[in-house]
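In the two complexes below, chain A is the common chain; its partner is chain B in one and chain C in the other.
Up next is the complex of A and B:
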């Protein structure tokens, strides 16, 4: 019985991992964008399960909420907004697929070769230690010679998964975390800069009229097309 | 981390607030002129520079200068590079003005993105933790991708942005993979902790692969030879002020993290990586300088020339000594001054629908503008490393450092390729002085002339009187190189 339960996580990993890889291949292979999006959703969910297997419940929850929840809704929304039923039939593989496959396989063998037990740094302690957080406080300490100095005194306690992540993210990695938010801001600015219509100075000042004109023009074009 | 550490991040915070203000400003008020965007940007850069200097003066000792769980270092090295970046971006700002005079593109987002890129560079300069270095690098790169495609109605600009983006993200992924392998082996991402972990390690495959991937990613960012293919296309297609930005400030930032990572973090494996980097340096110098000979387009020619200069800069990193570090710092200043000056000259010719992109566009420049012709000669001589200019000092340090560390063969290649580079630099000089020119106007834009004059002053001043620069560089180099143990005769 014990042999069975100890093998379980590995079995689950094999099954879920296989589904994740297969689903991610299907994401790019599907011709219908809605199908691709749904397979992407499946991939996200499988990855969430893998996180649970590694005892990272918080990351798993975030994975489901943010990716499966937020980002997938956006994807589906855009796919339905632009109303693409199916992509035109064309070659799925590029002309260089043989070279690409060779390079990919070579890299895979190279990378797989270096993943060996014993090469990597052993994490010190067990999982419990990873969730131990030390909080520091300044405390007055009397020295042997009678002088009083302030010293940093640490106290350790075991915290939960999300609390541990919170401590690492908002204390040790606070600044990189904030820079990452700047990065997202720049990405947003870039999307607007690239996506925005170029307006001449006078156009920009009379935007409402300009939009009306364009709408009218489009209507005329449609009528002409329909007339034929 | 204590709350007092925030003092050291004040320059970055000011810059971020300023970058956001640049975005919001035109929305708040009436349509503001491009002129005011430029002056706001210059003001912002000036305040940031003052903040960098002031915050650096509050550092009293080495231990205090390492902040936020040893994410950042405010030391002489980072301050030196931060001031260089701010100065270079200020020059780019001054150059960009005329590009927006009657353009449909808004200057506000442009300057804001430039400020965000600078912010990333400041984080890169002071990062001593691979995570903080990486986020800084990505902030800079993403802003650069957008800026390269800022002229979106021009096909070339869009193409440049697309190529830069795809190749840049792939190289970032490679860099990240290298970092993750190093983390796996060393158990930390902090450069000093990595160094400590490595001092007890013997060579292993995973670590070697990690270092190789890290080096490959960084070589892409500085445009060194086997990873250089994006450079000519991106430099040609991007708006010229952005090309100036990419070939100077952006490259200097990548060199700064390159030096910091390899000097502080990976010094114990110098014997393993120095030969790989030596090959890359040799290839860069040969490919860059030979390919530049065949180019008629100035932007492409300078792109190939900048590949060659990346090779020279690598000499300083390979030699792994205080001398080499000084060489890197001096050469960065020298290279930036000369290159920014040349770009200002190219822009000056571009003003009056006079392309300025072909070598023949420079024909007869000395009759139309003796100042620019003289300045161009000085910049080109400086890039070639000819004595009265500052380029000589930079190359002297780099080549001497390479010879000291036993890379004599590399120094020989470097000298030979410098001679080759004079061939295509002199082509421009010949065009300017000996050929009859077209009857075209030369821009008299004040800010361009200012950039040209400032770069000329730096190039000549440090060429004739290098002592102030060298003294500054000595203290800056010591911060980083003091931790590095030079392995004599590594190249043999």
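Up next is the complex of A and C:
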């Protein structure tokens, strides 16, 4: 029975991992972009399950929240706005498929080499990171005889996943985190600037034609009215 | 215990109980909503089938089952069939994560370290059903409805998520049970987080596509929006999904802002300890309190539907991006400052703190200002007469 209990996560890993790989292959194989997007969604969900298996619930929840709930919706939004109805009959294969295959294989070997000896195969996984953390605060405490004294009181509890990540992000690596968010902001502003319709130099400097037209018209009207 | 029992059978049993509970409540909600809408509009509502029209609860599903199941020509089959089913799944799973009663486990699953985040993650995937259904129907109105709902739900998820940050700062936990415990020991989060509660209620209405925000199915513009081409049981599935999500959101609002299963503040009143001493009776009472609060929220949903006229699309976007999100950010900022100035008390402390009182006062001022701004009579626009004479 013990073997079965310990084997259960591995079984789930096998099933979910297979689905994840198959779905990610189907993302590129599907011809209808909406179907591709749906398989990408399935891949994200499977990866979230894999995160849970490694005791990283926070990352799993954020994975679903950000990728499945936000980014994929926007993908679908764009795909539907373009709305591809007529699809090519024959399968279209990129001319560089041999090179792509080689790069993919190389990456796979690299990853396998990195992952195999790493922490991924440690039996306890992330559990060693869970530690008890005590927070102390000065506070007034009412004694048994009714007097009030200031005392240091602590609350100790096992630090969960989200607390641990919070500590690392906002205490240990606060400055790199803020710098990274600044980079993201810059990227966002850049995207908006690039995405905006570009004006020609003469368009930018001179008055737009329709305003000139309107001024002309108003002038005519004024002349007519004055001349009456 | 047998691992197959712990990992497979037992969760399945719990899940099916949650499933049946939601179904029953949704079926009842349909009748309740129609009766209440009748009441609000000074008419009777359904009252023919059975006593007080209660037979309607059974008659409606039978009607849906027996109607013709129509699939439009050139519909994208897979997505068309997936559409109504997808929004159902997350809402049922979320139901397993909500603690309905005091700890000797009334929640279906064990307490999860990131419970609240997981719930938000799951409910955020509910939008797929609407988008897919709208796109797959091969109908322009459906597509418009689906796209509208995508834009709306993505943009209102932001204030919804930001509004709970203040609550998390106070309770210092993502576990729903911890949040409820904090509230019964200190004060319900409505008071120190009044602004957040306001944002949450508005955003959860928008997330559900309920009436002030029901643009994806605006009948005066889009026929019936994303479900124009759906009939029979598939349409009923959309209804089921919408109502289950309503129930889930009500549960969340109760848990986050209104003290969950407890009926008391500052450690006084009907708290978890009192209920646990009473054994299973206490558990039942706690669940009863929770369900009562939840039903009040459902009533509020229906009341909103009967009261508010629909937004225009640009107004909807303005409200979300230009009003609710800055307000939520300001709420986080103010909460942070107050918590820094008056360090929060430890878990289990029963004295209501200065910081919480300050937050409550600030929140009330903000809400009052908002209401004044909203309901201030506007001067009608007058065409400038001087320009006419100039010409």
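One rule holds in what follows: the second predicted complex is superposed on the first by the 133 of 228 C-alpha atoms of A that agree within 3 Å, B and C clash if a C-alpha of one lies under 4 Å from a C-alpha of the other, contacts with A are read in each partner's own complex, and residues count from 1 in each chain.
Definition applied: a residue touches a chain if its C-beta (ideal position, glycine included) is under 8 Å from a C-beta of that chain, and two chains touch if they have at least 3 such contacts.
This is a predicted model, so every value here is computed, not measured.
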Give one of first, second, both or neither to describe whether A:224 is in contact with chain B, with chain C, with both, or with none.
neither
Under the stated touch criterion, which partner chain does A:76 make contact with: chain B (first), chain C (second), both, or neither?
second
Between chain B (first) and chain C (second), which, if any, makes contact with A:186: first, second, both or neither?
first
Mind working out whether A:172 is in touch with chain B, chain C, both or neither, as first, second, both or neither?
first
Sites on chain A touched by chain B in the complex:
110-111, 113-116, 119-123, 171-176, 179-180, 182-183, 185-187, 189-190, 192-194, 198-201, 204-205
In the complex formed with chain A, which residues of chain B make contact?
1, 9, 16, 20, 23, 31, 68-69, 71-72, 104-105, 109, 112-113, 116, 119-120, 123, 129, 131-132, 135-136, 138-139, 142-143, 145-146, 149-150, 152-153, 181, 183-187, 197, 204-206, 209
The residues of chain C that touch chain A in their complex are 2-3, 7, 76, 78-79, 82, 112-114, 117-118, 120-122, 124-125, 127-128, 131-132, 135, 143, 146-147, 150-151, 153-154, 157, 174, 343, 345-347, 349, 391
Note: in the complex, chain A contacts chain C through residues 1, 4-5, 8, 32, 34-35, 38, 41, 57-58, 60-65, 68-70, 72-74, 76-77, 80-81, 83, 137, 139, 153, 155, 160-162, 221-222, 225
